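Got a structure for you, written out below as structure tokens; questions coming shortly.
Naming follows writing order (A, B, C and D), and every chain is counted from residue 1.
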Amino acid sequence: MKETFIKILEEVELNDPILIEALPGIGHVGKLAADHIIHELNATKFAELYSPSFPPQVLVDDDGVVETMKNEFYYLKSEGKKEKDFIILAGNTQGLSPEGQYEICSIILDFVEKYGTKEIFTLGGLGTGHPVDKPKIFGAATSIEIAEILKKHNVTLRSADGGIIGASGLLLGLSMLRNMKGACLMGETPGYFIDAEAAKALLSVLLELLDIELDTEKLEERAKETRKMISKAEQMEREMMERMHLKPGEEDLRYIG
Amino acid sequence: MKETFIKILEEVELNDPILIEALPGIGHVGKLAADHIIHELNATKFAELYSPSFPPQVLVDDDGVVETMKNEFYYLKSEGKKEKDFIILAGNTQGLSPEGQYEICSIILDFVEKYGTKEIFTLGGLGTGHPVDKPKIFGAATSIEIAEILKKHNVTLRSADGGIIGASGLLLGLSMLRNMKGACLMGETPGYFIDAEAAKALLSVLLELLDIELDTEKLEERAKETRKMISKAEQMEREMMERMHLKPGEEDLRYIG
Amino acid sequence: MKETFIKILEEVELNDPILIEALPGIGHVGKLAADHIIHELNATKFAELYSPSFPPQVLVDDDGVVETMKNEFYYLKSEGKKEKDFIILAGNTQGLSPEGQYEICSIILDFVEKYGTKEIFTLGGLGTGHPVDKPKIFGAATSIEIAEILKKHNVTLRSADGGIIGASGLLLGLSMLRNMKGACLMGETPGYFIDAEAAKALLSVLLELLDIELDTEKLEERAKETRKMISKAEQMEREMMERMHLKPGEEDLRYIG
Amino acid sequence: MKETFIKILEEVELNDPILIEALPGIGHVGKLAADHIIHELNATKFAELYSPSFPPQVLVDDDGVVETMKNEFYYLKSEGKKEKDFIILAGNTQGLSPEGQYEICSIILDFVEKYGTKEIFTLGGLGTGHPVDKPKIFGAATSIEIAEILKKHNVTLRSADGGIIGASGLLLGLSMLRNMKGACLMGETPGYFIDAEAAKALLSVLLELLDIELDTEKLEERAKETRKMISKAEQMEREMMERMHLKPGEEDLRYIG
């Protein structure tokens, strides 16, 4: 595998679908929110993306079955005929290198553009590094007009205090070069655990903006499971890294298993 | 050399060979186990793989002769006519960059697929970072069915506590995209020395699964030699790294000799 | 996006334009100086450069609007008919990887060469790591003749005490392979804040060398704004990095948002 | 510049030239020895190699003139008609990434092979990290036969205590895939300064092996100059790195100037 590629699982026609991106990131806020939409509204997976810029590893699920690193495209048909459909981009990883991120995000935009996508919402977490009482939702947009709309939905504009790193930022930036429009929404989070509170707050703003109805009660439940799974994985990884840092001569073992 | 390539040393026909991967990794557990099979059963080397993603260096053997960084393919014919043959993948290194790992693993799978490989076992170590009394064997599989078989052979399923990093994980993940099936077996090991105990435990499970008979007595002996050789190398490397860390301005000298 | 590319915004003819490079770097000294020229003399943006080697992120402006990572080409017509025009290269980032820097700088030189560029000035800061009373201007040139001219303008030659890292150095080096000529000017700066003093000192030498007249009073004002904006961004980034360093297992989150 | 390339300065015919590699590395031992040969025997530069995997920077010489990062090929005609000529590979840098090192070394071997090179000597330092009384010369070879010859010239075989990192190792390893033969010679050195003693010891073994006569007296003098120049550069770089390490948010500034 020398190039990022998309494997199409189902041919589908979509009506000007809005892209909702929620790849794993700080506090898994965006991922949690998007996974909730996918499950509650029975979104259908129709494509998978694989990339040589993903981490060279696999995950293992609860049954001991190997899971490859990938991004996944789900579609969600809206009920009204004239309404826009949705494409939800989820997955278990992001590209590691800058060049990989640029390649992957460009391929994602090429792909959704073929379905007619002109709008894009990217979801993420904004890590504060300290406990958060009632998570604010931060945002940035591709135009002042959209930024104004965000403000009306109680989104705090990110206004010049730092960039948006990773796919959430890059997809938005690259979409501007294609005359797409959109926004990034970030749930405020301490950042060092799976944050269902932030995801819930993020989700409620997103649903309002997209005019979707959805019960967010089960989100906390889903968060518990995910939290358990990921904290284990992180503990593992942390131990590996610590061992490596103690023994600098083996630093390269990171990619060796 | 801009691309990974395989140099074929002997043309051979194999009967649906099972791939056994054992590249160097944590505790050299997998490598030790596979090297033992290769030597005891007189497996024949038939191909070598070279890659620009390998470390830019050479090793030196006991006679002062330079050894290039490479992966090696050995075959092992099974005695019964209808039995499956084996391809053993060994070597002295793995790819350094994520992109390199993906390229190398894809080329490995392309190569063995031509010989008819549909099954794959990857071997590795699972580092605990602390002393291990009686090494457990951990495992993960490409399907629930195979995971169940592993359990019957006293393999502890890795179930969701971290991924499998490097070739052992990636080969398995990429094989799933080709409808191959297989499993990863990992010997529990402290991780900071050549662990013959873990290799022995790993080997006995593997031999059981593959229905191969083999004396594992000499494994401890082989481990002693390897241990001596590698600990020297590690000491050397550690000293280099320490000197570099003390003198940050020379960090880049890592690739300079 | 797999390749660096330049998007031309305006077709323009220029008279042997002198390239002035001032991408962000230590103390933002060069950038500050060039931005001042651009604004005070109303230079016109005529092209933008995008690269997959830029950081995989976006910035956000004061209105909450996303800004993509890019380099920008401005032109400035000189008033006299026979005088040389100017191309000013500004932007919000540089390439991250060595390979990316080489690619980007080569594409920049290809581009300006088409307009007839034969001379090049690159601007930067020279970080001392400690407070600076009255910033000196350091310099290096593509020939002894130009080095002598620099000396006459009170530029201290950098003479063999370290190289010039990044676009300021590389553009100059690569320009020599094309028989262009030029110099790098670096304002002495502590290096850890936006340094308007250094920029002012740098600008006055540059204006002298280029025989341009320009009021440098407003530079301090502009510096204040920029300083405010960038220190916020840096604080943000620093917090992110610190959190990451505390939690080594999440190091890769750097590219995840 | 997307690819490594060689610029030929003089067309020349050589008689089965022996390649002597001495790119900068630990203690600059190899570089010092080779530079001495080049100057004392008036070797002629006939080609330069440029690569996007070199550090994205320039050096500055004593006159404030910029020097690009490059490798340089010199030839040295032997006096006897039937004797082999020499190609000496010197320069101010090596490739930074593994992939870059592989690409550069392959291109170097392609290049010298065209001139008929079948033998190769690579020179380097072996860093001990502590003071060295009388520097030993360590070595490794492409065959047992050559290793035996080295031993007869008082070279200590490196025998399995670590590899040879960088161009000195990699050129030798890759040359074996082309059926060239050769050896690496390494002068024992503390490693943290320009080591003329080690270079002198290395040179005397090399001259013996190649049957060249040369006065090594001036080597110490040359070392003094080089030492002065490089220690300045290192001090500079160290200061930069220290500042960066104190301010993690600016880590990327490494490539920014």
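Assume a contact is a pair of C-beta atoms (placed from the backbone, for glycine too) under 8 Å apart; a residue touches a chain by one contact, two chains touch by 3 or more.
All figures in this text were calculated on a predicted structure; none of them were measured in a lab.
> Which chain is most remote from chain A in terms of Cα centres?
Max centre-to-centre separation from chain A belongs to D.
> Any idea if chain A and chain B meet via the same residues, over half in common, or different ones?
Mostly different residues form this interface, as fewer than half of the numbers used are common to both chains.
> Could you put a whole-Å number on the gap between the CA centroids of chain A and chain D?
Inter-chain centre distance comes to 48 Å.
> Measuring centre to centre with CA averages, how many angstrom lie between chain C and chain D?
The computed centroid separation for chain C versus chain D comes out at 34 Å.
> Would you give the residues of chain C that are in contact with at least 2 other chains, written as numbers and ranges?
Those would be 55, 96-97, 235, 237, 240, 242.
> What pairs of chains are touching here?
According to the stated criterion, the contacting chain pairs are A-B, A-C, B-D, C-D.
> For a test of understanding, state which residues of chain D touch chain B in their complex under the given definition.
It is residues 23-26, 55, 94-99, 101-103, 105-106, 124-125, 127, 129, 139-144, 147, 150-151, 157-170, 172-174, 176-177, 184, 191-192, 234-235, 237-238, 240-242, 245 of chain D that touch chain B.
> Flag every residue of chain C that touches chain A in the complex, lowest number first.
Residues of chain C touching chain A: 1-2, 7, 50-69, 96-97, 100, 229, 232-233, 235-237, 239-240, 242-243, 247-257.
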